[in-house]
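Structure record follows, encoded as structure tokens.
When the chains are written out, they are named A, B, C, D and E in that same order, and each has its own residue count from 1.
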């Protein structure tokens, strides 16, 4: 029997069709239909000035909207061969980590909703709201922040903002561990999470899984390590695990939240004085930049004539992760319930995923995957 | 008298089906945030079940993409009467930034299904959604219920 | 007062109290989640609302069954009320009714033609193994009291003390059964998992859903009533109410702190508990 | 009167009272959040309701006890059934006052 | 069920118990932080109708400039109107608004300094009325973006104050060259480049005059000219590769260079041409016979059409800068005898 999940389904917050091939309760294989959210934003961006483009880029995805603007700005900075002022770089780290926290909390809450543990779902959202407050306080908006510009960030912060963010983070830190314990040690939650949806290291490499999904399968790969701001100024360690199942993916996200909180504290402690924005003259040229989004790595490649965006291509992490999910995790799963929770554990972001649709002559649409793309993994 | 009773029941018990027809999903997660303990949509008797078969309110978030053009109408047809449609965010209202040259969206939603209430913003804050739903939703659904005999 | 009026009265009370108890269940879960939660009468309002919604029969429905199943569901639980509070008849009939309820779940799932309903039907068949404890409970009660009649059981408890204390493992088995019938996020209620949208009632909506919800409310009231009657004994109405509220609160506490188990685990849990319950009870009856 | 009809009356009074309370409180408070102050009308209703329900024997000579309790439960339900977030303190205060009266009454007599 | 135990620790806490008994929605949910960017607030009286906000707005239908009708006493005022259904609350319009005090307010106005203010266009777009076929595709494309193109007296006209330089009109134009994007800055340098390119190409062709003269009427003569040479020369004028490439492309696209050859041997000194020549480039001298001064020549082809002996030869040179030719780094020059009829 083919069991269609979605596009409108209680456990999906974004439209997507998951076709589960089932035999009784056992899921044999899965197939994923994309295309419900494809809006062609890259084509909208073409021919616009970068000032407009940066607002469009954050509408690629609403959950990780921040990292898109940062990558967009940093691509342009790379084309210009300059960097934002140090204070701006620090503020970018601050916002990025706040965004990562809220995204991971949302991802885990979705997972808990899918295993129908509503209490933890609510607790995750309860933890998430203050973080959203912090983001709103800092940037002026909850979701699409409009905070980055090429050459820095828009607004400066003052001490009172930093104090309230510090307060929120301290409170979060004091409460956070308890809820992690509930997930970590709860036997019933464990029953649903341990050894479900395995993605081995080889499979992860084959499917090019990135982000927490790859890291939970033993791929120590975090682009923040290579980012100049993190490299020069911050001290953090890459979280990765070897257990490869749903539990590992969620735990990995929880641990990353802890790491992000440490980073935020470092930012607040070491925030340098100075300008938050500088004028950057952008020459014509082509540039590419990769950043670690909450879900993995996001790549922007932009060709510009100095002012207008001539060509832009965005590559987001979810496409590989969902692919890994459909190909490897959802093969021979014991029950439909587990299949859906496995899907949720991948933290799919459909709005991110639906980037390029190539329509061939027969009118069939398919997802375009960059064939020559290489990933650098450190496997240990 | 009977109408009054029906109104009361319709106003105080609302099932919601969230249909995301292609946006940046910022609005979707703001609706999810509405379920959080801070806002708690359920205390107003509004349950987000995402099952069109039992829904009273269809929350549409998103400019209509190619795939949704026929599916949106089909989902709307599945919802039993009386039903209302609330458009959340700018995407269903005007197509937002996607509705320009190059974008493949077919906004607004009102071209496909009748929209009863709208919340603008990109995305609107949860409180804005909440206030709009509470001020417009129950009355609209009660009025819809009276039209159909 | 004639019998008809008595039945009607009891059914009405069962429905209203059952609905309010479901509402209470949701409220307690919500409070555990640190949020205000819906009003207690919310479940009742939902039920009433479905009666004033449009009823459309989907094309895929297997027609006579699709509607008949709601009628059957309603009537078996009305029958349960008649056997239970009204006439205090045989326990055997009540358990038979519960077995029929399982069949109704199958048919409601499969008759709608929706894939979710079908899978829910598969799960209902799957979890039929968990009905073993039901008959074990019956047997244990018979072994302990020597009767199947509710009135006799009440009388037995009047003299010998509550069965809850003499055969606690049977009570536990029955409690697990109650738990699996809880409406909101019960760990064992796999047929209603949200991954199947609304389980076997996905395609039943409008009036039909209203009847299903009424039956479920009555079922909940009846299960609690049976538990209290069989294991605690004849109580005053206030006692029944207090008992029901306590059990509902307990169930909602458990619902709130557990995820839904996946079908395999759920069945295994129930079977394991049944095994422990049966062996333990038999040992207790014969060796204590 | 048959005892079961009386219980049905109580249940109905509770449910109708709850719905009335819900509707009235939605009319009175339209904001999505909860104000902190105690609602005087609700407090009076709760007081009367709890006192009537618990101390029905006070006026048993005038009105049959089931009518008193039905009215009492209806009033209690109106307060309990208010919008989530409202009516909590009123209920507690009403119950406390009625309990004190009951204790005084039983102790004195 | 056993996970209940793991929750007991949580439930034993005071803050949880408080939440359990007194869970409610606080009024704080309605509070917005001071930096929150709501929909922009418009203060009509300060507006100078510069259109910066409309040009800057990334959403297509969020902002519109409207003008109230004139009354008897004073002119109507122009001001922006925000459409809430389109506005994405990015605050960019408030950022670019140049008036002081600001016409548009949106949250905390960010750092707005002179150097960050936006000039969204560096290209000016004009419609070549001569080539325009009035298909109105540009109008359609533009009305969705900026609404800068309108139809005035049956001609398509771009309103430069509204144009945001997106280039949509060029993309949609079916006629090559009917819409032109012109770099606004460095106009003098651009002129120099054009002159330089044309001169060099002409010189190159005329160097081959002898071969050209021998061409049969239908024969085609081809020359490849290395592009690097031109670029190198152009870089001395202005070191902007983008602009240079753009200019060269435009020149080679549309340039139809007339090449006039002069075969003295065939001349019989009939002097028919001297009177016809409009610029006086052809003169007659008793000693030297008929003489042509190439510097004065307009290449109008009158002499070619007049001369019965075929002294003047007219050839048309076309230039091609295609992808393949770019790969070789050359401009392909194609020379053909003109098909103009000769008056008899």
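By definition in this document, contacts are C-beta pairs under 8 Å (C-beta built on N, C-alpha and C of every residue); 3 or more make two chains touch, one makes a residue touch a chain.
Since we're looking at a predicted model, the values are computed, not measured.
Considering the contact criterion stated above, the chains in touch with chain D and with chain E alike are B, C. Across the structure, the highest number of inter-chain C-beta contacts is found for A-B. Note: the chain lying farthest from chain D is E, by mean C-alpha position.
Mean C-alpha positions place chain B and chain C at a centre distance of 34 Å. Note on chain placement: the centre of chain A and the centre of chain D lie 52 Å apart, centres being C-alpha means. Computed from the mean C-alpha positions, the centre of chain C lies at a distance of 31 Å from the centre of chain D. Here the spacing of chain A and chain B, counted between their Cα centres, is 27 Å.
Taken residue by residue, chain E touches two or more other chains at 1, 3, 6-7, 19, 21, 23-26, 29-30, 58, 88-89, 168, whereas all remaining positions touch fewer. Under the contact definition stated at the top, the residues of chain A that touch 2 or more other chains are 9-11, 55-56, 59, 119, 122, 126, 144, 188-189.
The set of chain B residues touching two or more other chains comprises 12, 36-40, 43-44, 49-51, 96-97, 100-101, 122, 125, 127, 130. Taken together, the chains touch in the following pairs: A-B, A-C, A-E, B-C, B-D, B-E, C-D, C-E, D-E.
Of all residues in chain A, only 47-49, 51-53, 55-56, 59, 119, 133, 136-141, 144, 146, 154-156, 178, 181-182, 185-189, 276-277, 279, 284, 305-308 touch chain E in the complex they form.
Interface residues of chain E facing chain B in the complex, by the touch rule stated above, are 19, 23, 25-26, 29-30, 32, 39, 58-61, 83-89, 141, 144-145, 168. Listing the residues of chain D that touch chain E in their complex gives 31-35, 84-85, 88. Touching chain D in their complex are the following residues of chain E: 21-30. In the complex of the two chains, the chain A residues touching chain B come out as 7-15, 35-46, 55-56, 58-63, 65, 106, 109, 122, 125-126, 128-129, 132, 142-144, 349-351.
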